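Following: one structure in structure tokens, then a few remarks.
For reference, chains read A, B, C and D in written order, and residue numbers begin at 1 within each chain.
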Amino acid sequence: MSSYRPEVAALLGKEFRCLDKGFVRLIDVMGDDAAIVQAARVSYGEGTRSVSDDRKLIRYLMRHRHTSPFEMVEFKFHIKLPIFVARQWIRHRTANVNEYSGRYSIMRQEFYLPEPEQLRPQSALNKQGRAEEPLPPDLAEQLVTRLRQTQNRLYAEYQELLQHNLARELARINLPLSLYTEWYWKIDLHNLFHFLQLRMDEHAQYEIRLYAHTIADIVKVVVPLAWEAFEDYVLGAVTFSRLEQRILARLLRGSQLTDRLLEEAGLEGREAREFRQKLARILREHDEEAP
Amino acid sequence: MSSYRPEVAALLGKEFRCLDKGFVRLIDVMGDDAAIVQAARVSYGEGTRSVSDDRKLIRYLMRHRHTSPFEMVEFKFHIKLPIFVARQWIRHRTANVNEYSGRYSIMRQEFYLPEPEQLRPQSALNKQGRAEEPLPPDLAEQLVTRLRQTQNRLYAEYQELLQHNLARELARINLPLSLYTEWYWKIDLHNLFHFLQLRMDEHAQYEIRLYAHTIADIVKVVVPLAWEAFEDYVLGAVTFSRLEQRILARLLRGSQLTDRLLEEAGLEGREAREFRQKLARILREHDEEAP
Amino acid sequence: MSSYRPEVAALLGKEFRCLDKGFVRLIDVMGDDAAIVQAARVSYGEGTRSVSDDRKLIRYLMRHRHTSPFEMVEFKFHIKLPIFVARQWIRHRTANVNEYSGRYSIMRQEFYLPEPEQLRPQSALNKQGRAEEPLPPDLAEQLVTRLRQTQNRLYAEYQELLQHNLARELARINLPLSLYTEWYWKIDLHNLFHFLQLRMDEHAQYEIRLYAHTIADIVKVVVPLAWEAFEDYVLGAVTFSRLEQRILARLLRGSQLTDRLLEEAGLEGREAREFRQKLARILREHDEEAP
Amino acid sequence: MSSYRPEVAALLGKEFRCLDKGFVRLIDVMGDDAAIVQAARVSYGEGTRSVSDDRKLIRYLMRHRHTSPFEMVEFKFHIKLPIFVARQWIRHRTANVNEYSGRYSIMRQEFYLPEPEQLRPQSALNKQGRAEEPLPPDLAEQLVTRLRQTQNRLYAEYQELLQHNLARELARINLPLSLYTEWYWKIDLHNLFHFLQLRMDEHAQYEIRLYAHTIADIVKVVVPLAWEAFEDYVLGAVTFSRLEQRILARLLRGSQLTDRLLEEAGLEGREAREFRQKLARILREHDEEAP
């Protein structure tokens, strides 16, 4: 309870670079896999006795969306990020934030300048995103140069306004969304998982996705068992709607779910039983031609 | 915007009975399906233009877990419920509550007395629940009588303590968890869906499940399109973990996903494309013997 | 319950201008003063019987920080505001938001350009704010022209990047914080009061203060009794720390609190009694030379 | 950052008794006074440079209700408490909770039995509370015996129902509100202060007040500077409404606020200036007869 595991201690305070000038630093953490188990055992008491093993219990909790024990672990990060990323990030309301203030302090001359290969056309399929293929290299280089020049000009203008003694809170209003800000960000593991699920998703903007992956790498070290369960039951899970199950039922008709298949996949005990029930229900409810 | 649809007006204030003495009453509601669409169109702007139809847009939002437009609809209920149900209910923190106070007021002589057929043994499978089959009818009747006698005795004792002028906040401490309380409960549609998903689940205790189903019947009338989407993409959805997908991949190997199957199931356009991709990914990533 | 009072109906949908191009529009509201009373009466039951009058009950609730009945009223606004204001605003986490997205849609050519007399020097006293006196008019005019030119140039560049088919989510990154965005914002009255308390404060930035005052004018019409109580007991209240009470005790020593003074100030009954106790306690605890 | 101060380490895991069978145990804590300062310095940057001293900065933050740095400290407690106390406690929604479940586990035979001197009559003044003077000792003893007998009888009945194999979730419904439960409770310092402000208040029920005071004693050790500021500016503060200020203005008329008074009270610098302004404003705005 009272000290960090060496792997975690090694992470504390370290700057993990994100984008060209941003970073993620783990400032502090409360709890670990054992803290999740500890809370669950208070909560479910004898209900958890039969699950002798911590890993199994954590996987059970994740599988059945018993989310409150995961709230017992808390992370605090120091993050430096462009303002347009900060604006997406702050939509996650169940976190504590202390952000650098442009009213109190002078903003620093640090702007996000994308790599040329990140300058991509609007996606034809995805209304909100960029396409896979980059712009032509020459054009990309040219646009990056353009963005940089504008950023420099805007900062020079900001400095001039400050020299005219214009209040900082006003001098900043023409600074761009590519400007870096920083904040302390504190969040519990359950809500952090939710953040990661949304922001590691391929529909999230590339820039915030980078941060999410960096945070994920830290979380993996701090709570390895919870992370593994999150990957198996949430991140890597697939969901089928009611309509889709109708088709699934047709495709699965006649297939044989053998013990060997379950075994090879590593499904056993209660989890195997639940899977059998899931399949049986799909076939029963959705395959209208089933006997 | 300014008045309730007749179907909704007909619900307002009406008592829907739950359990023996409890109820759910819809007190007020802000917004409807159109309010969800209105908020989404502000948010996604041109991104929603191609989705001409409200129903399609709502289904798209639900399918892709764009939850914030659903937060724009707000429900206020008056609910009367046993304290042990209230204790499960209050764990949903994103709601506003005004509960009857046993410090200010005298509790009324109203206790939840289960129907004899609800007196069931501890489930052998489910650590938290009751079994399917009831106790023997004679025993059940006898236990119900017992519960009622105890409730009456406890209330008589409560009255006596009050007659000795013991402060209400103390006189109540031996009243049982079966006592009815009541509250005003206000919640937005997104969080209400989450409540319903958890509390309509078969693992939820029977008594709270009854309330959840009663509320669901009200929600259906107020936001029929959102409800339908919720049923198709959340309530009726099935999720497969990473391990389970390995098996699914084996079972699906060799099956043929034809256009006709998609059509018969009612999947078209973007949704059909997404389903094809989902299946292809399962086969690619999980069927190790796939070419 | 089912329809808006005429004064409220007259507000719905109307654009109240804020700054040069922004606005506040009341989209919908659930509840009014009566809804606060209704919830309080459920909650405090007989405890509220003696407070026969709605106004008195609402004032009692506000005075004693019984905040939950105020959560039973919900407001939904449509707001157009510069991004730097939006970034201050969004820090209030207990609200629902749907914002216009620069990933889905093209941002419009609308920027906040301050009035020349708002261009003020950094305050010497207040580390975060601007001074009272404006910059010299010539300089102010010149800087405003400068800001406008920059905004126009930035928008032209944005359009060019879009013409090169750069993804919208990237083309926007050099747009400035003075750019207008818009959102639907839904919040309950208790949290709205908290927002107003912080954002009508003279330490809040002028631009967000304007919005707060506009919203306040709307709230006054919708819940006049709650607003009056909020002004008397929160907005217009003054708080003295422990240290300050020591001085107050010395300054008040020997003064006479007469019934006539109470009466003239409009304090009666319980409220007058509480005031007497407050003063007596200050004198007792903090005036060390008191007998 | 990486280890607990000895005073804090000495508290960890220790049981602090509350009521007859309850307790508060500090399980873990993230951060201390330095963590508040650290977050504030990121947030207010140069704005905090002039406040060289941690204590002064923390007091400044508390005085001006800059609450977010206090959210950077997190406490986790293990608490055993009667259910009627738990029901008041859980109303604080910004915390994480894992409670012992009567569906999964058998409730233990532990009930809260008040001390006879706590058996007090209903307060004549305070609609929700108990009076100062206890019931006659004989009567009190008699009622306590009565409460105990009932508790024993209820537990015996619970055991019997379990022996009939009635599901735990039903067997418990006639257990009383005096039954002890326990939970893990995790909360940040800002919200904990809010909890303490409400629950240490004399209007809070005696039983929850005991817990609040026990927690306060722990908080004092963990964040001594923040605690001191909380006492001076929040707990020990007094607030005057607009009406009350009218009277205050009359009482203060003619009094002399000298530098010596400020000095003796320990007010200096910015804080002294703010106090002068506060008084001047009261006199100006509320003393209609002032020149």
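The definition used in the following text is that a contact is a pair of C-beta atoms (placed from the backbone, for glycine too) under 8 Å apart; a residue touches a chain by one contact, two chains touch by 3 or more.
Small disclaimer: the values here were computed from a predicted structure and weren't measured.
**Q** If you check the contacts of subunit C and subunit D, which chains show up for both?
**A** Expected: A, B.
**Q** Under the document's definition of touching, what chains do subunit B and subunit D have as common neighbours?
**A** The shared contacts of subunit B and subunit D, listed by label, come to A, C.
**Q** With chain centres defined as C-alpha means, what is the inter-centre distance between subunit B and subunit C in Å?
**A** For subunit B versus subunit C, the centre distance works out to 35 Å.
**Q** Roughly how many whole angstrom separate the Cα centroids of subunit A and subunit C?
**A** 33
**Q** How far is the middle of subunit A from the middle of subunit B, if each middle is the mean of its Cα atoms, in Å?
**A** 27
**Q** Counting only residues that touch at least two other chains, what does the list for subunit A look like?
**A** 44, 46-47, 97, 101, 104, 127-128
**Q** Subunit B touches which residues of subunit C in the complex?
**A** 1-4, 9, 12-13, 27-31, 35, 38-40, 42-48, 68-69, 71-72, 74, 76, 78, 96-101, 104-106, 182-184, 186, 188
**Q** Under the stated contact criterion, what part of subunit D meets subunit C in this complex?
**A** Where subunit D meets subunit C, its residues are 44, 46-47, 50, 63-65, 91, 127-128, 198, 203, 231-233, 236-247, 250-252, 255-257, 261-262, 264-267, 271, 275, 278, 281-282.
**Q** Along subunit B, where are the residues that touch subunit D in the complex?
**A** Interface residues on the subunit B side: 82-84, 86-87, 90-91, 93-94, 97, 101-104, 112, 114, 118-123, 127-131, 135, 139, 143, 146-147, 150-151, 154, 157, 161, 164-170, 172-178, 205.
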